[in-house]
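Working notes, beginning with the structure itself.
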Amino acid sequence: MTDTLLQSIITGVLMGFVYALIAVGLSIIYGVMNVVNFAHGDFVMLSMYLSYMAGTLLVWDAVATPLITVPLLFLFGFITYYLLIDKTLRQLYVVQLAVTVGLQIFLRSLALIVWKAQPRALQYSIIQGNIEFFGYSILTSRLIAAVVSLIFIAAIAYFLNKTWAGAAIRAASDDLDTASLMGVNYHRTYALTFAIGAALTAIAGGLLMSFQQTDPQGGMRFGVLSWCVMALAGLGSLPGLIAAGVIVGVAEAVAVTFFDPRSRLLAIYMIFILVLWLKPRGLFGRK
Amino acid sequence: MENHQPLLKAVDLTVDFGSLRAVNHMNLEVQRGELVGLIGPNGAGKTTAFNALTGLIMPNEGKVFFKGHDVTHMLPHKRCQMGMSRTFQVIRPFVHLTVEDAVRVGAYNRHGERTVKSKVDQVLEMCELGEMRNRVCADLGLATLRRIELARALATEPELLLLDEAGAGLNETELAGFMKLLHRLNEEEHITLLVVEHVMKMVMGVCRRIIVLDSGEVIAEGTPEQISANPRVIEAYLGKRAVL
Amino acid sequence: MNIAAFLKRNVGWFALLLVAAVLPLPLQKQQYTMVLFMLIVLYAVLATAWNIIGGMAGQLDLAAGAYLGMGAFTTGTLLLRWEVTPWVGMFIGALMAVLLSLLIGYPLFGFKIKEVWYALSSLALCEVLRVIFLMWDEVGGPTEVYLPTVNSPLYSMRFTTATPFYYILLVLLVVALVINFRIRATKLGYQLLALGEDEDAAEVLGIDARAAKLKALVIYAFLCGLVGGVYACFYGYLHPSFFDADISTEVAIFGIVGGMGIIYGPLLATILLVGVRELLRARLGGGLEGLYLVVYAVVLIVVALYQPRGIAPLVSSVLQKLRNALAPGKKEASWR
């Protein structure tokens, strides 16, 4: 009993880091641009399919596919920003919702056309196998996914704090008008932010493909859980996002192991609703 | 019995934003029928004090009394039903409503479907908005929107009206008309007014008593003449300007 | 009110109702077309109900599927277990939906949860219920629970064609529209519109934000619950997929695309968008699975981007021009 519990907690923690990585993308988009992207989960789904394609065509390992998918998703985010998001900035948030839901339907039906309804998975990952850890076995691919996610979250933190582009992004998030007065072109900064947010999902997508399959409806789950992670974390705190990702990952893993595999999303939603009721500013929020 | 106590009273009112203290142990009394000005340099905490008095934010310490009742934790709409309403410094119009409809929103505070229309007409006429009653707020200029904001607060039939920089952005003529309206509200409609104002000319012109706030504290209180001669007030204003 | 004047003023609506009422007569035999019309009316009721909480009160509710499912399961289970006729059951189902809405709305509005967070929690409600009913084998479960025909098809609302359902839903649509007009013309409507624009400004004018929003939510949930009862009877079974997040978002989209707060907007958007979608499905469905949805998504995005105030203002300005051309000098009509 405790063994199974610990086992699922370990799985959940590892998964949580990947969730945090996905949520970082959503969080900088929402935090900086105040844009509500309902299609973020579907970006993950798209990334996973692109990883699948790169993996099968080039016979690459899943973990290597972000080398191709990250530039693709960056470009995709860039184009999406100028084509759609830029036009919604001064609109009511309901218009943003309508546009990003449209994007969501678009991506899902596109995936359905290109890859059909049945789930797709990559086969031979070089990092398959288990690692023994104090008597608990950990799927190597999950461990690698967690470590890589942490590295990239740290890289994002470094980027935001130490580079000029990062400073511009932070300035734009503080005050749009002042930032543009000080010579920050907010359109370009926003485009960069949105593209980075999308590119982060490509990393997560590649990592997820090393041990998961993907289907056209899979975006729903990632969208929901990244909003949940963000609600837990509050805005503007990267360590908070990691902690929140871990909480969500563990809750999900425990619910699946001990309750019912179908209750995966239920656990996440319950956390989401409880957090909104009890701590509307998030557990670790600064804003 | 209510007449013996001040209409509005704040005791030790304190509001913190994180580590910043916006309002610091503020004490304030407004008697029934008064027309009081609340002034102070930028960032003195006037708007924050207003928000705490009207219930849009909760103070960290202190109490607010209205008509002798403790209303510190009462929601804004309850205070309005008791007879307190306000306008905003940064105007907050109902942009997609017509002028008439915006005023009607306020009029429902004390009127049912039968009498609401005549109340709206009365307020529109008083604020000289009759001609533009069918215009949509989004199409109107700042001066008119300020008047609409005042009108919709008046329509709630308040005993106490808090005006947050209602004269800001108005030109000379508009300002003169506005001051006349304030006098009329105070003297003919018997509405007690507490006005935050930046435009010195206006405060000095209409208020009979002035309270000066600096760094969240009340530093002076008195008639316009007393205030303009008060060295602390001059220092607060000049000091700030020197920094700027 | 003077009846003649009333008829004359709303002549457009009555004409529309007449067309809707006689529409099935020539089309009775074409089952597919009737089902399509029925679905349009079904969505239109939901979207028109959404206008109260979403369009007027500005709360981006994404729980239409939750209230619909609640109505469906209550109505269906009452028929299945206790042989209660759906004609009564749908009202009990609507009351259950109201109960649910109070349960979720009271704390959410109390904590001032707004905008995207309200949207997501209402969407969460839908998903939570779906999973609960999926795991609750006594009532739901993963397999369809078929509804029996008790006494007579009329008693258990089990008709073999879509036409009777079309008429039932048409009545609900009229009810939803009348409720909308009633609210819009009275205190609650003004309060909701004010809240939808600026909550703080509304509150200092004496509006109890929580109470007003709850009223709007309750009316909306009640209407969705009623539709749910009909929905269950039309499909003839119960399934947790009735708690449909896709329906919920679609209903909100119809409300937004139609024009926030404009009463006939959601109806218009539903007719156009569901029409476009089904037309595309019929035309493109044979070839590629999902292609019609791609085109539909593009239409949706284009409308949202280039007509952000909704398509209703566009249509009403066209109508206005038409009217001016026909009868110059007439006073401007107020549609909102």
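To keep things simple, chains are lettered A, B and C as they appear, and every chain counts its residues starting from 1.
Criterion: a residue touches a chain if its C-beta (ideal position, glycine included) is under 8 Å from a C-beta of that chain, and two chains touch if they have at least 3 such contacts.
What you see is a predicted model; the values in this text were computed from it and never measured.
**Student:** Suppose chain centres are the mean of their C-alpha atoms. Which chain sits farthest from subunit A?
**Tutor:** With centres defined by C-alpha atoms, farthest from subunit A sits B.
**Student:** If I count C-beta pairs in contact for every pair of chains, which pair wins?
**Tutor:** Greatest count of contact pairs is found between chains A-C.
**Student:** Using CA atom averages as chain centres, what separation in Å is found between subunit A and subunit C?
**Tutor:** So the centre of subunit A lies 33 Å away from the centre of subunit C.
**Student:** What is the distance in Å between the mean C-alpha positions of subunit A and subunit B?
**Tutor:** So the centroids are 47 Å from each other.
**Student:** Taking each chain's centre as the mean of its CA atoms, how far is subunit B from subunit C in angstrom?
**Tutor:** Here subunit B and subunit C have centroids separated by 42 Å.
**Student:** Where in subunit A do residues touch two or more other chains at once?
**Tutor:** In subunit A, no residue touches at least two other chains, as defined above.
**Student:** Where in subunit B do residues touch two or more other chains at once?
**Tutor:** none
**Student:** Going by the contact rule at the top, pick out the subunit C residues touching subunit A in the complex.
**Tutor:** Subunit C reaches subunit A through residues 54, 60, 107-108, 111-113, 115-117, 119-121, 124-125, 127-128, 131-132, 134-135, 245, 249, 252-253, 256-257, 260, 288-291, 293-294, 296-298, 300-301, 304-305, 308.
**Student:** For subunit B, which residues count as touching subunit C in their complex?
**Tutor:** The touching residues are 54, 56, 75-81, 85-86, 88, 92-97, 101-102, 104-106, 108-109, 112-113, 116, 152-153, 155-156.
**Student:** Sort out for me which residues of subunit C touch subunit B in the complex.
**Tutor:** 186-187, 190-191, 193-194, 197-198, 200-209, 261
**Student:** Quick one: which bits of subunit A touch subunit C in the complex? Just the residue numbers, please.
**Tutor:** 36, 84, 87-88, 91-95, 97-99, 101-106, 108-110, 112-113, 116-117, 216, 220, 224, 227, 231, 260, 262-263, 265-266, 269-270, 272-273, 276-277, 280
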